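Structures incoming, each one as structure tokens.
Each of the two complexes below includes chain A, the first together with chain B, the second together with chain C.
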Partner chain A sequence: MDIHIENLRKTYGNQAAVDGVSFEVRAGEILGFLGPNGAGKSTTMKMITGYIGIGGGDILIGNRSVREHSAELKKHIGYLPEHNPLYEDMPVMDYLRFCAELQGVPRHETTTRVHRMIRQCSLDAEKHKKIAELSKGYRQRVGLAQAMIHDPEVLILDEPTTGLDPNQIIEIRKLIRELGKAKTVILSTHILPEVEATCDRILIINKGHIVANGTAESLRRQAAGQEVLQVRIEDATEQELRLDLSLLPGITTVTPVDPVSGRWQIQAAPGSGIQRSLFRLCVDRHWVLTELIPVETRLEDIFRNLTLN
Partner chain B sequence: MAKLLDGSAASSLRAIRASAAREIRTTAARVIRLLPRAAHSPLTSRPKHPFWVIVSKEMGDHIRSWRFIILLSLIALTCFGSLYTALNSIGTPKATGTGGNASFFFLQLFTATDGTLPSFAIFLNFLGPLLGIAMGFDAVNSELNRGTLSRLLSQPIHRDYLLNAKCMASLLVIAGLFLALTLVTTGLGLLVIGIPPTPAEFIRLLAFTLLTIVYVGFWLNMAILFSVRFRQPATSALTAIAVWLFLTVFYPILIRLAVKAFAPDPSSMAIFPASISGSERTVLDMLRFAPGQLYSDATTTLLMPVVRSLGPLSMDQVAGAIPNPLPVGESIVIVWPQLTGLIAAATACFALSYRSFMRKEIRPR
Partner chain C sequence: MSSVWVIARRELASFFDSLIAYILLVLFLGFSGFFTWLYGSDIFLVGQASLQEFFSVAFWTLFFFIPAITMRLLAEERKTGTIELLLTKAITDRQVVAGKFLAALLLIAIALLFTLPYPLTLATLGHPDYGQIFCGYAGLLLMSAAYISIGLYASSLTANQIVAFLVALFISLFFHLIFGVLSNQFSGGTGQFIDYLSLSSHFESMARGVIDTTDLVYFLSIVLAGLLLAELQLFKRNLD
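Moving on to the complex of A and B:
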């Protein structure tokens, strides 16, 4: 089920939380939704799930508008909200059964679904406990289980790995990647490596506007504008290296990283073929090229650049 | 010969057993063959209606909650206490209650008292509102504060299902509780006094139970209304208790004071007795704005068949009247205004809370 968002807006009083946001998510795609606190991520997600009303614009899920078919579309959406409110007095099994029944799961399938979710979210040891007795990580798993209990085609996960230990995080990421093969997944998180590890595409939102949309690779290319290499050349003096490297075509800067061991960082215009000309230089001068590492722009830097300005 | 007979009897018994076992096996096999079909019958493949899903959950929550268990224990204790005093007083000639009418002996269990404890009906007039308030004061606002309300409303359900289901679940629990208490009291009374209730008495007891459910239902709906209006459960609980205290304690005092202030001179009352009954009637009419008074009037009429009227009667009115108890139908006709008044008050409270809830902006946390 594809999600198509057109010029979405939402205001709280005089403040525009979401201001003309448009994007698309295709079935079988995992979209990473990034943004600083108060950027409008959760508000957008809540509007998609019908948690709150739409201020302006429209959301089409499977070519049907959320405005007109809200109740019907809710059956196809699984949502894990940021604060994950749960009925704390209920045991895990009863809560999941309640959620399944509310979502219209047929009676003969309810027990099977509940057991499947308990297995998938590793809740077996805690299934008879009251939710109030669970740790934050287990509560998060209960939230995930309830979001997936009716086997929805669209999954909206607002910070799903908050409170989980590293082993659980890896398990949940694996689960999301598995689910993302067949479902449409929108995932919001502040853990940037998680987005890279899990998502097919990244969307960065700031102050209610989309500021970046693309794969991690394309965002890096857009943000860098320069090709950056770290090199280590042996059998050459510092002066020789500084002079000859700066004379290479397309080179913009040459910075020593560790001149004693011959490590330098060079920046060149993209597409200038700097690796090839560097190799030829070393051959001509009888220098030994022992390292040639392309330096990538970190996603964190891209995020900071886009959201701080 | 006897041994032979014994042997043939044993063998025929074995044959019967074997045939029965065969029959059981065949039937079990048939049932097992049918099971997969039953598992996917149209009934099981249909999802449960979300309204009843919420009703079941709410009923479970009520029954497991400490406040319900405490109030249930209190009401059950008072019920058994009142039953004990009623049984004691029935044994003495000074029993108060049905007016000494021996034909409605069973109803005395609910009205008779020896003075140490009030009767069960009076206890219910006092404790019933507390039960209704306890079950409704945080119905909506606690869910709103926990964030579960918006979570629930993001499911594919209609918004009003939530309020309707909460009201329905509480009413079902209240109905179950009072029906069970009435039947238990009836059963215990039957065991102790050994006289079964007549059909008329049984109908009166059922009508009394229905009336109690409606009375507690009014307080429940009022508490739900406050739970929709006020964000903090403590505020809604205090407001509901304040209203209950006012209507139960202060309102009758105020009415009596006001009527006394505006009543004619006592010396003229001796000359015009009609003015006495007029003044009494005014007091009663004013008191009937309080649900407790309506309930009290109705229970008195239903449980004491000799009560023929709920207002002051003049000598002219009672002249020639045969002092017989009223049939059930006529007692119900007398309490009909009280019953409909309570139903109307409960419905008005529910309508207000429904309107308020449907218009409320529910923002997730």
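Moving on to the complex of A and C:
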């Protein structure tokens, strides 16, 4: 099921939490939803899942509006809310069975579904324990298991890896990748490397507006606008280098990083073939090119640039 | 309907898991048994094969116990955030409210079921009026339903269980006592109207063995009003 969001709005009091957000997610895609705290991520997710009403605009899931068909659509949505609330007094098995029954899983399938989720989320050793007794990593698995128990086509995960240790994060990430195949997944997070590891596409939201939408690569390209290279050229003097480098076609800036060892940073217009012309230059002058490193803008920088205005 | 039952079953299980159910049963049976059979104007002192004394003790004990049962029903879900989980499942707000109401009512019904030895004992001692006893039990159940729905509404207002308990007790107190007292202060139509609002007068007439449709309408209206208000309180999250 595809999700289309059109000009979505929500105001709390006189503060706009979500202010004209439009995007779409296709079936089989994992969308990373990024943004600083209070940007409107959770509010948007709550509206998609039908927990809170839509302020303005519309959400279409599989061409049906959440406004009118919320009750019917809830069957197709799996939701892991922020902070992963669970009924702590229930044993894992009972809890999953309860969720399956509420989501309208047919009676004769309930047991097989519960067992499948327990196996997929590696909860076998914990299945008779009360949820209150579980460690944070296992609780998160239970949260994922309850969200997936009815095999939903849409999966909404609000910060699924907060508070986990690095090993657990990698496991949960793997689990989401595995379980999220052929589903439409929206995942919000603060952890930037996580988006790159898990998501097909990134959406950055700030103060209720979308400020970026694309793959990690395309965001980098947009943000950089320039091709940036760090080079080290030996057997050349500083003056020679400064003059000759700045004459290369397409070049915009030449800055010495460490002139003694011959390290320079150069920026050029994208697509000007700067690497090739640089190599030719070195060959012509009998210089030795010992380093040629493309400098990528880090996702963190892009995030800060977009959300700190 | 089946979703209502799924929710009710979970709530009922959680009453028994958290000891609330056992404490309620022990206290309720202890109080009512003590005053019905052993102390005060008990059956042997009065010398009549009647459960009047039991009904008036239960009338007060349930009044205090029911807010303690209902206070957590929605307030706890708000506090822990599980309400978000529950309301994003494929069920309606109404089913959630109905399921929780049903669970509390079933718990009270179980407590009342445990007092069945009272009328059975009475039957061996004399010739009780079975119609009256039946009406008395029906009255207790209807009264409990009314207070449960008030308690459920109070629980929907807040994330704090103590607040929910006190609000429920406060609203219930009007029906239990204050309207009855107030009605004596007014004469004519106003007095009659306030007397109609008093739950105790409706309960007493049922405990005497009379089931009137006005009593039934009265109890069912409180139940419906409480449940609808609770549902409305859940619905409020949809508004801007």
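Everything that follows uses one rule, which is that the second predicted complex is superposed on the first by the 306 of 309 C-alpha atoms of A that agree within 3 Å, B and C clash if a C-alpha of one lies under 4 Å from a C-alpha of the other, contacts with A are read in each partner's own complex, and residues count from 1 in each chain.
Operating definition for what follows: a contact is a pair of C-beta atoms (placed from the backbone, for glycine too) under 8 Å apart; a residue touches a chain by one contact, two chains touch by 3 or more.
Bear in mind that the values here come from a model prediction, so they are computed numbers and not experimental data.
Under the clash rule set out above, the superposition-derived model of chain A with chain B and chain C contains a clash between the two partners. Legend: residue contacts after superposition of the two complexes on their common chain; A:G271 is shown touching neither chain B nor chain C. In the superposed pair of complexes, A:L102 makes contact with chain B and with chain C alike. Once the two complexes are laid over each other on the shared chain, residue contacts for A:P81 go to chain B and to chain C alike.
In the overlay built on the shared chain, the residue A:A71 is in contact with chain B and with chain C. Touch criterion met: A:K10 reaches chain C, while chain B stays clear of it.
Touch criterion met: A:G55 reaches chain C, while chain B stays clear of it.
In the superposition on chain A, contact of A:P166 is made with neither chain B nor chain C. Only one of the stretches 135-143, 261-269 or 315-323 belonging to chain B overlaps chain C in the superposed arrangement, and that stretch is 135-143. Overlap of the chain B and chain C interfaces on chain A comprises residues 46, 49-52, 71, 74-75, 79, 81, 83, 85-90, 94, 98-99, 101-104.
Looking at the complex, you find that chain B touches chain A at residues 39-40, 43-48, 50, 53-54, 57, 60-61, 64, 146-148, 150-158, 363-365. Looking at the complex, you find that chain A touches chain B at residues 46, 49-52, 71-72, 74-75, 79, 81, 83, 85-90, 94, 98-99, 101-108. Contact residues on chain A toward chain C in their complex (touch as defined above): 10-12, 46, 49-53, 55, 71, 74-75, 77, 79, 81, 83, 85-90, 94, 98-99, 101-104, 146, 150. On chain C, the positions that touch chain A within their shared complex are 2-3, 6-7, 10, 13-14, 17-18, 80-82, 84-92, 237-240.
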